[in-house]
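Both complexes shown next keep chain A, but they swap its partner, so chain B is in the first and chain C is in the second.
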Partner chain A sequence: MAEVRVAREIRPPEPPPEASQLGFVVWLRKNLFNSPFNSVLTVIGLVGVFFGARSGLAFLLADERRWSVIPPNATNYAVEAYLRDSLERIWISVAIVAVLAGLSTSIWRPTGKTSWGKVVAGLRGFGAAALVLGFLTPGGFGPRNLIMIVGAAMIIATAVALRRLRERAKVETIPTLAVLSAAIVVVLAVIWAMPIASSTQIPWTVMLVTGVVAYLLGRLVVARSSLRVLKTAVVAAWVLSLPVIYMTVQRGPIIPWDRVGSWLPGIAAVTIIGLGAIRLVTRLDRERAALVNAALLAASIGVWFVSIPMIVRFLMIAATVFSLAAPTFAASSRGARNFSIGWVAIVLFITYFVTMSLTSRGLETRVELLGGMNVTFLLAIGGMLLSFPLGIMLALGRTSTMPVFRLMSTGYIEVVRGVPLITVLFFGDKVVPRFLPPGLDFEGVVKAVMVIALFSAAYLAENVRGGLQSVSSGQREAARALGMTTGQMTMLITLPQALRAVIPALVGQVISLFKDTSLVAIIGLADFFRVARDIVPNQPVSLGSVIENLVLAAVVYWVFTFSFSRASLRLERRLGVGTR
Partner chain B sequence: MSIVAPQTKPPIWRNGTVLKWAAQIGVFAGVAALGWILVSTAMANMRAQGVSFDWEFLTDPPGIQLAEGIFTRPASGLEVFATGIVNMLRITVSGIVAATFLGVVIGISRLSSNWLLSKLSTFFIETIRNIPLLVQIVFWFFLCSLFFPALNGVDAGPIPGWLVVTRKGISLPWIFPQQTFWQWLVFVAAGVVAARWMVRRRVRQLEETGQNTHPGRYGFLVFVAFAAVGWWAHPLAGALGWVWQLLAGIVATVPLIGWQLVLGGAAVFLAARWIFRFLDSRRTPAGLARLTDDDYFRMFLAGALGLIGAGVFLLVPGLTDLIARVTEFVLRFFDAKFDFLRTGAPLALGRPSIVTPGRFPQIGPTGMTLTPAFFGVWVGVTLYTAAFIAEIVRGGILAVSRGQTEAGLALGLKRGRLLRMIVLPQAFRIILPPMGNQYLNLAKNTSLGIAVAYAEPIQVGQTLFNQTGDTIQVFVLWMAFYLAVSLVLSSIVNWYNRKLALVER
Partner chain C sequence: MENGKKDIIVCEGVKKWFGDFQALRGVTTTVAEGEVVVVIGPSGSGKSTFIRCINRLEVHQEGRIIVDGIELTSDVRNVEKIRSEVGMVFQQFNLFPHLTVLQNITLAQTWVRKRTRADAEAKAQALLERVGIPEQAAKYPGQLSGGQQQRVAIARALAMDPKVMLFDEPTSALDPEMIKEVLDVMKELAHTGMTIVAVTHEMGFAREVADRVSFFDQGQIIEEGTPEHFFTDPQHDRTKLFLSQIL
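On to the complex of A and B.
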């Protein structure tokens, strides 16, 4: 029988040894050879890594690989068949994004800090990776030795730096903004030092400078005006930037001004009706407000039976929705003012959207105008923006107490989640045209955005539903006790908390949506993946460079999704989701 | 003085129930109207183009060839789909097994105390998860079809005669079911039942006496004994052939109207039974509980579905006919697999071979041959799913409270045993639901095989509608197939989940 030992006194645990006392050998023994089984695993792993990485690198760096065909095709990867004499339109799009990014940085100032120790450790890891890669790369002298020398130099330099910095490395920090500035400088240096993309040296420099200038201007404005208004304006500008870029800037539409002019009286009339309705509904008692709403509802159905421009019919529906939602959002006088501004903005946006949808593009091409990374971004961002409202509506429908809505939402969600995306894409590509009147069909890209949004909304709805269920019923009861209507309770109490709780899941959904955009290659859209798989390997100069292009595609997608997931981890930590 | 609210009913436009139902019926009517407009447009379009909506392409010769599968020269549209479905199931089933194994190993490795192993697993997961599956599938396909060794002669492969890896495909030795396999299967199934009985009995003994009765070993022995006896005794099971024959005969002789009545009656009966059970579940000792809108709606829906089902069976004889014919076909299929006089081993080993029918050597049919397309899709979906499963496994293991591990260590369990007997069984309960989702994703992701022309349902369907123009019908078949797969897989997972769930008292 084992002897039972009883501690006579409780001693405080000894402090762990200082990290600097633990040498490399101790680290090895602790992490790689701490048991016979682990030692065997380590040896097997090392041998596997050595041969695996070596043969992989030998395959990728063999003489037959033609990596030199990648840089000349940069424009193809980015925009594919976009008219080469209209590329300035692409640059204008990039500039819009750069300006918005600069402004946003100045408004939401990145507050994070990085310690010097982390930066130096990162550089050391980089050097170690270079050393290992150089060691594993087969072949004689040449770039291999250069890589190894650089790696070794980095390790030695960082070791010296760490010794010099010692304690200070842990304490002293660099603001994220400084890291960002350094990154911009490095990118500029790379652009000008590397000969690979000489044709875009000047445009990219202009874009970076534009972003920096926008940041500085933003700082000036921020110092002088209300941050709340600015934030709203910039968020609205981000949302608007997508239709502006893809419907106006890149299509060069031919706007039929006389037709648009003939709509104006109707649009003005509906705007005034909407404003009046919002005012009436928020002032009158419930019974009379309901009468106003009923009249609007009747009018919005009635306009479909008289000959009136289509846009007026849409606007009437929007007016009814706004009037119905007015009691929820426009209870206070300030709320009413903001709500009215929102209504006018929506009228302008719908007018813009419908006008742009009805105009033909001014740029002549035989094939789809948009392609490459450009289209991948459009599909991902457009699909995401459209799927959010739809997904939230479906989630609300699925958790609703009204059985018909619940049945319809549940049916939609389960059917869409049960089939693969490719069937839904084929549905948009091949089946939808059969259900539309002859002559009415959308461009392939537009249909793909809609279909991806419809598909993604079903998954999003399940995530949001999880969030809705996580909101405690006490919150709802409190809202009821305060006399809130169901609409107010949902929009002001339940949804904000639900959405906050599921941010990680939503980002995960966005990441998988981004990866899923590659499927449009199967239905023949020229997205980035199709350019890399089919179009570039079939060009005379780069004929047969399949593996090179596939590796490139993998790396590009990886960089994007990996940075998304890292950003989402940071966001999660900042919001403190799951820690409260 | 007290204020007494007037006890009048609210007017109809302020009655919550009325308003709610009006809104629901209004929206439903709107959706139905939209659907009706779309369908009538589609019918007008088809009439204008002179296309008719029918299902004849399912029985007509399609005039296409498929790259691989059970019917490479299908005689009908049905055979085309059957080939696609079997190809899809091949990847799904083998992929699920492989991805589970790989995912569990990698997920555990990521938590290993061995720095190298855990970093390697992290590297694998972060690489595979962040690259679109489509890119990976196309990559593996091209890697196989462009860079594997060429098929030069009969001595191809790393191990000639056993393992052949070439640009034309990979061939492995495999155990193939023979003519008598189905008869043997009856014995195997009986073995499973008997082994279950034996395990339960032994477990009961163990619980009563506290002595190790080795339930697992005994169960396994019983199973092996049944399988071994069946290996030679399987012709006895051939007698079942008569049973199948008899049943098929009955199905064929009952007139159609009989089946219509039976199926229609079954629909009404099921609906009625559901409604009565539902009412029972709402009954409390104090009488029937107040039913909500939702409850009435459910009963209404169940009743309506039952009546609609009965109506469809009675008014559309074609559907009942199809069901009867499929049943008969299945019974005849079984009948053909059983024969008293059939002898021989139920399984046989097949080894890869190289044949040279014309000028160029080809991989022969004797081994299990995987085409480059199969290789690409299989490796792609397996690795991709394994990466996700690994993360699920890691999360599940971390979710088991640390006290369990410490208690196990305190009892003197070694790490391997601790993992196997304490941690994994508890983690499994957490892991199972998300794992089921991954299996579903794997099944759906096989549809990406179309990118490398692997003959799965989407690819064969596309080939078919390119020939016939029956896009809507093919789309309906796709939906039906994938929804059925989702339903089957999720009910298996749910059933297993219920079985594993903690019994709460």
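On to the complex of A and C.
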């Protein structure tokens, strides 16, 4: 028979057993030499690393490498053949980004903190790397010894500092903002220490200062007004900045007021029609709202058959889209107000964009003025901004219950995914213009952005579809049971969860999109990679510097893509992926 | 129908197939306003399918379902109207994991009921108070226990001011210690006059608050009656067998 046992007392919780302080040798034995076979593997691996790194360094630091030819070509890398007397346009676009970055930092204030321990440990790693590099670098005395001495000194200093830090009871931290400020100071110091022309040094300094000033001004504004409104405004400004920058760089600043003036009555009329429609469809019952929308749809088709400025036709389409979406997303009075503001903003934006597109270029020498990093950025950012909405729409289409959408999306995705990007680029460059009305052709960069966006969207769509499948059917049922429409369910419940689930895959797509931009060289664009491969090695000052430039290109692409993947990790942590 | 109150749910000969399998073989019943109906039955008997038909999460193929005077047809408008009047609580809670507890409760209020944010939040806070977890508003569902999650789910459904509440095995996924906290909320709800249709295996709940118990088997209602009748004097052999196995 089982004996009866009763606990006499509830024990108080105890602290966990202290982790045994492993020495370095113990760590080595446990991780690298824990069996004869593993010891052999460790030795072979270390020898391989040693000789690999040594020959790599020998290659990079050989006497015939001329790294000094890189800095004088800074302008070529950045803008290639852009007219040197119009460079201020480039700087204006950089300034726009700097101002927005400063404002964003002040609104989404990085509140995070870094512990001093982490910073010091990072410095120790830096010192260790210097020591190893110095040790591996072939050659006699000279800079090599200096590097090794600096490395050793850093290791010793940080070891002392770390011990001190551990003795303190409290974890000492520094705010992320301080780290950011320190980084700006370091960048400034590097800019002025490098052998770059002062025509590059001074503007960059101005840009950094502009960003800091924008941050300080942003703090002032944030203290005085609603954060929610500011956030919306800054996000909108970021989205609008791309076409504005493009126009600033590519077009003359003079707006043809006489032509715009003749459009104004039409634009004003459509604006009022749109506002009226939004008001009506959010107040009437469904049948009447549908009637209003049907009338609007008919009108937006009708305007193509009467003589009316092109811009009015486009605006009518936009008005119809807004009115169709309004019953779902703007039915509360607050929603209707926001929707109306959005509508007016879209009118202004389309007006601006169309006006600027029809303005003559102020820069008359060549068709393709852009080049270098500028083109790479434009292609990458434009491609991402366009391909995300498109990819999401394709994914929704492919998972839709409506056969027409499903068939079209599936067909598009399968065709585009089956064709190499180079083919699609050629197609966009040579074939598509033949189907456009005569006289209507886009510039190479715009065509490339569209092709890259359309191409990348097919891949993104499949990633997003994977995310949509990971959302359980219970989520949809719960949304439906609360009376949500299909549109609300998609935008508020399924998509947010689906996108969160596939962040790693989406970032992977962004990284490959960024690297794929280097293919546009084949349709005659001079992006950063082409500048580094063809143009700089043919300059008199840097004739034949092929290897240096290829290494530079590799490093630059790696720096960007690596920071994407780091940023996505931060984003995941912030959204609590995997923990919620 | 009791005390001349009107029928809020009317089902006439409801049939439903999944492929060749017939899940509902003609269900006819009514639920009066303020009535608490507990649906019991073995697994696969069609009881979950039945209450999911009431807010059209499942589509019945034959027969009629009329909720609050509106017949459920393929007309999307009727369906959305009825769904906003009928609250539903699921076995697996189905809270929205990317939103906080407060946002879970305010989301449909602002988007479907078109309330202002302030109104919706006040309502949500009051309901969290009512289900006994006002301090959890800022947390995410994943940080709560199962019982707390299910109480949030009840608050989320109540926030729409539904005329009927449907419970689909609300305590089946919970640890024994947490079942009581959810049942207490449901009992409180029943005592305030809410119309409730609940699929559950909690016989204590049925005995204490149900006005009527419906026993489902093989896609039809085998026996229906007051809890006293049910637990003391069941008529049909199938009912007797079922009760003998679970009591």
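Note that in this section the second predicted complex is superposed on the first by the 541 of 580 C-alpha atoms of A that agree within 3 Å, B and C clash if a C-alpha of one lies under 4 Å from a C-alpha of the other, contacts with A are read in each partner's own complex, and residues count from 1 in each chain.
Just so it is clear, a contact is a pair of C-beta atoms (placed from the backbone, for glycine too) under 8 Å apart; a residue touches a chain by one contact, two chains touch by 3 or more.
Predicted model only: the values in this text are computed from it and were never measured.
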item: Touched partner set for A:482, first chain B, second chain C, both or neither; value: second
item: Contacts of A:522 with chain B and chain C, given as first, second, both or neither; value: first
item: First, second, both or neither for A:474, with chain B first and chain C second; value: second
item: Partner chain in contact with A:403 - chain B first, chain C second, else both or neither; value: first
item: Comparing the two partners chain B and chain C, which touches a greater set of residues in chain A; value: B
item: Of chain C, residues touching chain A in the complex; value: 55, 57, 77, 80-81, 83-88, 90, 92, 94-98, 107-108, 110-112, 114-117, 140-142, 153, 156-157, 160
item: Complex interface listing, chain A residues touching chain B; value: 31-32, 34, 38, 41-42, 45-46, 49, 59, 287, 290, 401-405, 407-408, 415, 417-420, 422-423, 426-427, 430-431, 434-438, 511, 515-516, 518-519, 521-522, 529, 533, 546-547, 550-551, 553-554, 557-558, 561-562, 565
item: Residues of chain A defined as touching chain C within the complex; value: 286, 331-332, 334-335, 472, 474-475, 477-485, 488, 492-493, 496-497, 500, 575-576, 579-580
item: Sites on chain B touched by chain A in the complex; value: 13-14, 20, 23-25, 27-28, 31, 38-39, 41-42, 45-46, 48, 112-117, 120, 126-127, 129-136, 138-139, 142-143, 146-147, 293-294, 297-298, 301, 444-445, 447-448, 450-451, 458, 462, 465, 471-472, 475, 478-479, 482-483, 486-487
